[in-house]
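Below: a set of structures, written as structure tokens.
In what comes next, chain A is part of two complexes: it sits with chain B in the first one and with chain C in the second one.
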Partner chain A sequence: MERDLISKKELLDEKGISYGQLYRWKRKQLIPEEWFIRKSTFTGQETFFPKDLILARIDKIMNMKDDLSLDELAGKLSPLLPDYEMRKIDLMKRNIVSSVVLQRFASGDSDKVVYSFEFLLYFYVVDKLLQAGEMSMEEGEQLLQTMREHFPKFNGKPCDLVFIRKMGVSSFALISVPAEFYFESGVKLIARLSVTECIEQLKGKLV
Partner chain B sequence: MAEEFRRDLKMVGETTSAGGKFRNVKIMGESVLSGDVDCIKLSCTGEITVNGGLRALELKLTGECDVKGIVHAVKIGGRGELDVLSGIRAEDIKFTGNVKTKGDCEAASFEVFGAFQIDGLLSAEKLEVSMYGPCVAREIGGGTLRFKRSKATVFKRLINSEDVAALSAQSIEGDVVDLEHTSASLVRGNNVKIGSGCEIDRVEYRDTLDIHKSAIVKEKIKI
Partner chain C sequence: MDQSIKPDLVINGVSSAWGGEYGKVKIDGVGTVQSNISSVTFDANGMTKIKGDLISEELDSDGLMKVEGHLSAGKSIIDGHMTVKGSLRGEQLKLNGVLNVGGDCEIEVFDAEGAFVVKGLLNAGRMNVRLHGRGKAREIGVEFIQVRQASKSAWSRLWRWMLPKFTPELHAVAIEGDDIDLEYTEADVVRGNRVIIGKGCNIGKVEYRSELKVHPSAKVGKGVKTGG
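Right after this comes the complex of A and B.
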């Protein structure tokens, strides 16, 4: 898929930043390596960036750098989760998350909204369970809520998602691994998903 | 979690170690570390081979250092030869001798007296090189870039005339670029100074351009 690219020169002109700043941010890993796309042009090799991603990122850096040091900023921008972001429209086009999920849970967002990796992950997990036919739409909402609320607390540590149902009442839990747990009788363990594995799978799909 | 306990490691002679986490590592002689090394300070006199990554606050080398993985350091200093397979990322590099990597070399300040061969990108906010041997990089980028041929090469050329102290790169980009004895296909910057012995295909500059009379520039463009 061709995406909109911006050359390094255009980027510097548009944002009014210097080479020194750009390379410093790259070194501090504020700008992920994968965004530096080398292409040959008629003047030789030239570096390009995915336009929407880099422009949003540079705005973010410029806005935040007044209050935070670069190192703090690096921690904020690239937690242990990989640094992929994607627009909703691309998400649909590449069929990473089925359109049913997006329609149901993200119909309020415009096509141009850029989702962080965490959000992509939430959608992905919901989609996965829905596709497996183990979960209903209403439960999906419940799951999304749970992930949104509690997943950031793990701070990148590996965790599992547990989905149980008893007498038709469902509930979700996020637990750190390795962990053992046992339920009373009558509880049915419907799914146990390794979120770490989901991250890996999603990463594989994004690149 | 509390900070784990780190021990010192001191080895003299021809030694091997598995690597690991240390406080201060001091090596004299010839040593092979077969895994990743994570330490506060590493000082080495002699030859050291790390078959893994190397992470240190401070790296002080006299002699040869060979690293298979990536080097992450705050400060790298010393003299000799530094050969890293995967790449170097540091704050402050001040080195006399040869720096070589198959990956990228990124630093805040890169000060080298000698030569370097970098297969990827060399980037630094402040880059100052006094060239004494062949300096090669695919791409150079940063804030202030200064390349000078060392005065001592006059004597070196009397003995060995083939091995020239010159820079060659595909592209050089910086806010301030000051070059000497350089061949490059593209130089791009705000304030560019092309010194003697340069051969540049294309120069793009924003504010000032200064070309020495002995330099060859095929194309100059003000942007």
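Right after this comes the complex of A and C.
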């Protein structure tokens, strides 16, 4: 698919930022190198950016730069988690996450709520396990809680989700990979899911 | 062994060593590092060759130095000749001599006296250049840039006569920044907020937002005011 591109000059005019700021953000690695696309035009070489990505990123930087230093900001914008955001209504429309999940876990949010990529990921993982028929709705709640609480701690490092059950009592764990683990007898490993893989799958669906 | 205590590396004379993590590195003479190396301080005198990446908080190089990978240094002082095949990244860089970078160059504060070639993008916060020889970069992106020619001595004139490469001029395809103050510069495009085109410049096109000053002897193809 051909991406919508925006030239550097248009970008600066639209956002009211200067060349210096843009280069500064690039130096601080707030804007990834891959987004700088060089193309030749009739006026010579020009730099272009993927429009949706760069506009969202610049809004984010401008919103947050008053509260955080640029270095702190760089940590926030983890390169592993892409900067996709989506409104709940679009999420339903595009059928990325089944409506059952949204009804159950996000019924409190209005249609216009914008979810960050992390949130989309949580829903996606829950949806995946539910669809596989391995998990009940109640457990889904538990999983969502676990992801929300502990996933950010990995800070973009790869991790696996482990779902076990013993005598009907279920529990979830997030572990960094590679890791080996062994359980006492009677524990049933129901699912082990690579979150990194889920991120990739989800990215594929969003683009 | 306590992991926080890193060994030092000292080379005197002609020798080579493997890379790794070091505290202090001091090389006097002809030293070769065979692989990637990281250190807290790196002090090189003489001829130094690194067959990999160099990461150091402080770098002091006198003489000839060649890095075949990437160079990343917090604060560096380079006197002499430095070649980096990969990219160069740093907080502060003071150059007295010649710098060659194969990839991109990202420095917060760049003070250069001498000559340089950057094959990729030269991205700096503040950049002060005093040219003795030719400065060249494909693209320059800065917050502030000032380019001056170093005072002409009889020697430099001789050099220039022998080797046209030593003409103290800055060449770039594009220069973009907030504050741009140029002399003896040749560029296709200059884009900035406040732009001063001084003597000896030959610029194809200038796009400015707030201010443009052109020295009478400078050649500017077209000056365009853009934005608000």
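By our rule, the second predicted complex is superposed on the first by the 134 of 207 C-alpha atoms of A that agree within 3 Å, B and C clash if a C-alpha of one lies under 4 Å from a C-alpha of the other, contacts with A are read in each partner's own complex, and residues count from 1 in each chain.
Here is the rule we go by: contacts are C-beta pairs under 8 Å (C-beta built on N, C-alpha and C of every residue); 3 or more make two chains touch, one makes a residue touch a chain.
What you see is a predicted model, and the numbers here were worked out from it, not measured in a lab.
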| item | value |
| --- | --- |
| Contacts of A:200 with chain B and chain C, given as first, second, both or neither | neither |
| Partner chain in contact with A:9 - chain B first, chain C second, else both or neither | both |
| First (chain B), second (chain C), both or neither touched by A:27 | both |
| Which of chain B and chain C A:18 touches, first, second, both or neither | both |
| Partner chain in contact with A:149 - chain B first, chain C second, else both or neither | neither |
| Overlapping contact positions on chain A, where the chain C interface meets the chain B interface | 9, 18-20, 22-24, 26-27, 44-45 |
| Of chain A, residues touching chain C in the complex | 9, 12-13, 16, 18-24, 26-27, 44-45 |
| Footprint of chain A on chain C - complex, ascending | 106, 108, 123-125, 141-144, 173-174, 176-179, 188-189, 191-193, 207, 209, 226-228 |
| Of all residues in chain B, those that touch chain A in their complex | 89, 106-108, 123-125, 139, 141-144, 170-171, 173-175, 185-186, 188-190, 201-202, 204, 223 |
| In the complex with chain B, residue positions of chain A that touch it | 8-9, 18-20, 22-24, 26-27, 43-45 |
